[in-house]
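Note that chain A is present in both complexes that follow, paired respectively with chain B and with chain C.
Moving on, here comes the complex of A and B:
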């Protein structure tokens, strides 16, 4: 009887935790029997690395590959500091282009707010003109850095933007990473969640998300149009940062395919670091103007 | 009669059962081949593929796409587009377009498209938002939306009409998308969204092809009408069952053979090749008319047996028949030199059908006739009873021999000829119609084109292809492109707007400097240009800018939108382009011109100008040499050719006097009318030649006899061929109607000039190849006396 009571108390507590925003600075593991909302809250927590203090990605290599195989490459450096809601800010992000040479140094600073209805603040540094310009936040369905990913795929989609339904718990069949022809993430136990957008006239009618039970990362997504046809897929290879100590889930590689155009975007995140004590001073307009990348 | 022809005729009749069986078997074979023949229009086939401008067009479509562009206009009947219901419809329509298979999602240009933005620039920076994400719900929001529309030069007047009654959506389908698919899915959307308050207009190359394919099967009904009309004329001609049925059967067989071979050669039915069965059918019947006329003429002798009559008929008609088939063939053969694929296909298919006509009209029908019982004498008399035709032709024979009358006729024709040259001088080459010249002005397609042109202006594209060794995104190269686009826009008033990567870079420069119009310029440094382009592409998906510049940044294009495609505009555009590049050199860039509607039209006009006269000279020369060879007399060639040239001059002068422009479909006119029209003269001359050798007649008698026998056959067969072609006027495809009318007019004129002028010319010239026999007889008689 005591065990039964304890189970109900634990169950109530866990619902209590997941019914609201998850706390910053913590890593939340996924557990069997979780509901769709709980799984997705953890997934978003991990996606924006809200478990860490800061994040540094020295080299994010983005490949744009068209149907003929023609590939364009862009490389960027990324910094993020988690503000944990201080001043209403969730996190600040800085992306600096380092390749190709002619656009080297071009930087975009973004402040993302806790209030999901509030637009991001975005500043642009154009080194050739030595000018900072405030620009409107990209719209959620705009492309991210000219890729097949949308802005919300990478940085603005929030838990509140969709409703969720648990389709089931399944073992992932594996994904053939087209860039290397490697089969990845095969046999990983996953939650399969159906996410339906709340925004009217949205560019997808639903998406199916495979959330890896081990890392809490969204390893695979299928986007469906109004006709129920898949038009885009996204695979993310998740791994661990310092598994012995911190055990932070992190995104290692991404492949996003637009099935309508045949174009794909491949992203490799190399040498990622967390909790490096990055100063908030780097995330200001002034710092942007002073910077030499 | 040459002995070898008589021998050949006897041999064929000897093996008649095999000839008939072979013809029937071949017909069954081709009927089986034709079971699944495709009706498919590819407008590409109407273009001179080797013309440098068409090559540029191919380059453009290979690199930048745009082969299957469609324009869709949604018009509101009551009020303006600034109503929630209508904007909701535009949003839903646009969303449904995104869901279509094979559509190029980056090229859906609607006010509701994801990449159509509203930009506000100020001292702080610049702010970009989608122009229409959701329909405004309050009057204030609607006012703001209207202000955004008016302030955006890329939207106001281009995507939303200036009277705010309609909006334009441009879409582009992948090149692998079939025309029929595009036509059907967009037609379904039109049905779904059109109502009392919303009209939808759809235009563009795939839609035009779709409409042509939609109309083409109707030609089968017209073929049936043609059958009925021809049957009626055949009945009037022969007043007998065999006189109606046999020509129809043999020419239908030839049609099957021609079409079947066409299918085996991989040719499709399109608006040009669809005319092939009509041509073969009419020509086949015209040849059969001569066979039957001659047969009935021989059977006029009550003692004559059917089999013997047919051998005589065959032996007399073999040579003129063969000459006719060869000259018809030469007419079509010369079309092989017209560098337009569909005309080449038409030439090939018709040529094969005409060859088949020889077997069916001059072998199959005689073999069948040889099996039939001799016609009743009443039938023979009925066949001969065309009093008004006989009277007409006999008067013509008397008239031709009257020297004064002959002088009047010849002077009359010379006079007409001189006047005709004035008309020819007024001919305008090129399509000056608004919309597509292939269809009627009232056709739904052309109505859609008119609507779009009137409300959105400048929908006639003119493309320049730009190539660079390295990246095009440098200051100097952009300035070179800019200088050309400014020059052309300044020199040719019909340029409505232009679009290139230069505009994008200039606009971004302006936004960087608080939206001040003075900064709508190309920046001074290459790295600024590169960074602008990066920013420009930042919020777009990978293929969103493929229509402006290739991904390796080595190829770009400049697109001008012209307000019309009149031949003067087309010529002016190309002339000014040539002048610019003659005077300005850009060592790092190559400019190739010109693609788009204007470039393609120029190529077609150029081909018409370059081809039509050499083609006319070539076919005339071929016919002249061939006929001269057959009769061993250049005079014979001249006598046959002169009436043809005259009628063609008259027909072409009508183009000038009536203000009808010469378009691509006029190209086959000379070849066809000369090739087909020469038949009339050949039959008359052959009969004259034959009758001249008969010892008992004077020229007056000979001419009279020739005209009421072969002349009558020419008269009826001329009407039959013309009628078979005249029924094209019932086609919904204007291209066929125009070709039909022109060809019909030309053939009738050919027939009249042949009937009137050949006897006069023969009497005037008294050529040796005809009068040699009479002269010899007279000399012999004189010697005997």
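Moving on, here comes the complex of A and C:
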């Protein structure tokens, strides 16, 4: 009887931790036996690097590859500061395009709120106007900077936007990274979770998400249409940022394929850093106006 | 004699033009080859651009090929240390349209419109100091105020209207030497202080250019028709000349422009409070007393009076105070994602023209109250729709000339057409993208009172990372004495190729 009571108390406490937002500034490891909701909360926690104080990505190289192999390139810098809910804000993001020259200097400042129902606040530095424009947040299903990723894939999808079902715990078969023909993440133990959007008539009916047990990152996703057919895949190579005592999961490379058009987007994130003491003054309209391009 | 002199001047200028072309080409090609980055401290990028503008409804006064313009632009950033950066940004253009046209038809505007005007080749040249709370920018630069796409508070910089409002606003603004200081006492709150000892007048196209103002053309025609009888008399009074004196403010400390802007946020409502004190960047025409002249050689016919007219273009002290705001509705609901923006400017003592239709009779200072608001939202995935409504309000619809007692109506500055006390402007802008942001169409529709306005659709295509094509069209409509309607016969097809590095 005591064991049964203890089991229920532990189960209750365990649910209690994961039933709410995870605490900022902590890395949460995944453990065998976790439920779908628990796994996905950790996954989102890692996706938006809520375990850190700030994040700096000096070079994110985005390749747009069409079916003929013709490739366009965009390069951007990215900064993030985690606000930990102060003023209702979860984190602030700044993306600055450095290539191609035609849009060099284009900068997007985004404030994301803790309240998942709230839209983002977005400011844009427009080089052709030399002016900051307050703009409406992009639609969630719009392409992120013209890529095969949607805006919600990159920045607006939250835990509360979907319901989750654990399909099972599997070993990942590996993904052939088309850009390098390299097989990546083979043999990684994963949770496989089916995520169903709450929005009616959404652009996907469900997605299958492989969450790496080691890093807590979503290493592979398949997007299904209404007919139950996969129309998009996304692979993310996760690794570790390990200076001295810290050990943070981070996204190293992404390949997203639109199976309908054959177009794919490849992203390489280089020299990422966390907890560099980035000032919040860099996430203001004034900072956007510093742009010289 | 005059025609021959013009032709000679034309040929001399053409020789100069050819030299400039050669120098231009010699200059740009080596740089485009060696573009890139020099070490960790120097970064540069730029472009070479060719723009061709064709008129689609030619009349006798203008040529089919409006512009064949080649532009070279480079920005160079030198990081001196962690706090200081130097930025240098020259730009030069040469318009070949004047050479391509028939040599015998030398365009009198080549010297003004054919290449970069005076020292406007220097777009930016400044030192930047950046720290957590204090930013300082010293040198030639642009400062932009306001939230709207149509300038209301954006009055700090002079603007180049030689191509009306077709170029990007950043290219229309004429940079000035100034000190800009930004201090943030706390996050998201900043006070900006401007000290601008430099002065440049806003520019308009010279008479006869594709986008010269109707008032300028009429004045030029009047000058060309002199001498003429202005009073049949007796005795008859002849007007021989009209002299125009352009007066710019003397370069003294007290003639500098000063500006302050407070920017802050209340929750997620962003607002600014603005104040500007300085000379109007636009020059306004004043009529000075006509002087009777007596000519010895040749002596005037008996019984006639000869006179010279005098005009002056002057800049007057004005003061502007205003505010702006912007807010996106982020909470769930039917208006979620809607961005509201607005601004207001009170301008004290701005010179204003009064007269009858087509004739300016006097220029008097009056107060203006300009305001506007904008609504913007993304709809259907990636269609951005922006609507703006603006009002330009003068404090007086009429002005009585104290010397004659005649009441005159307020006039449009560019056409001398009669306008209302309140002028309404509606702007709709729609933008989207296709092919992974490779193809970007947009359309801007400006509609003003009296059924005048312009429609400018354009599409940008990214051929390669470094080669961009643009195709656009500008359609103007309205009465000939309205600001857009004066260009109703000057619709343009615009094509642009841009190579960036």
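Note that in this section the second predicted complex is superposed on the first by the 276 of 293 C-alpha atoms of A that agree within 3 Å, B and C clash if a C-alpha of one lies under 4 Å from a C-alpha of the other, contacts with A are read in each partner's own complex, and residues count from 1 in each chain.
Quick note on the criterion: a contact is a pair of C-beta atoms (placed from the backbone, for glycine too) under 8 Å apart; a residue touches a chain by one contact, two chains touch by 3 or more.
The structure displayed is predicted, hence computed values, not measured ones.
Contacts of A:260 after superposition on the shared chain: chain B is touched, whereas chain C is not. Of the two partner chains, chain C is the only one touched by A:73; chain B is not. Shared-chain residue A:120: touches chain C; no touch with chain B.
In the superposition on chain A, no contact is made by A:185 with either chain B or chain C.
By the document's definition of touching, both partners, chain B and chain C, reach A:102. In the superposed model, A:218 makes contact with neither chain B nor chain C. Contact with both chain B and chain C is seen for A:146 once the two complexes are overlaid on the shared chain.
Touch criterion not met for A:233: it reaches neither chain B nor chain C. Of the two partner chains placed around the shared chain by superposition, chain B is the only one that A:200 touches, whereas chain C remains out of contact.
Residues 64, 72, 100, 102, 127-129, 131, 133-136, 138-139, 141-143, 145-148, 263 of chain A contact both chain B in one complex and chain C in the other.
Across the complex, chain A meets chain B through its residues 64, 66, 70, 72, 97, 100, 102-103, 106, 123-124, 126-129, 131, 133-136, 138-139, 141-143, 145-148, 151, 200-201, 203, 225-227, 258, 260-261, 263, 265. In the complex of the two chains, the chain C residues touching chain A come out as 45-47, 75, 77, 85, 87, 89, 124, 128, 130, 132-133, 135, 142, 144, 147, 149, 168-170, 173, 182, 184, 187-188, 190, 263, 268, 270, 326-332, 336-339, 341, 376-382, 384, 433, 436-438, 462, 464-466, 468, 498, 500-501. On chain B, the positions that touch chain A within their shared complex are 91, 95, 98-99, 104-106, 114, 124-130, 133-134, 512, 525-528, 530-531, 534-535, 537-544, 551-552. Contact residues of chain A toward chain C in the complex are 64, 72-73, 99-102, 104, 111, 113, 117-122, 127-131, 133-139, 141-143, 145-148, 263, 279-281, 284-286, 289-290, 292-293.
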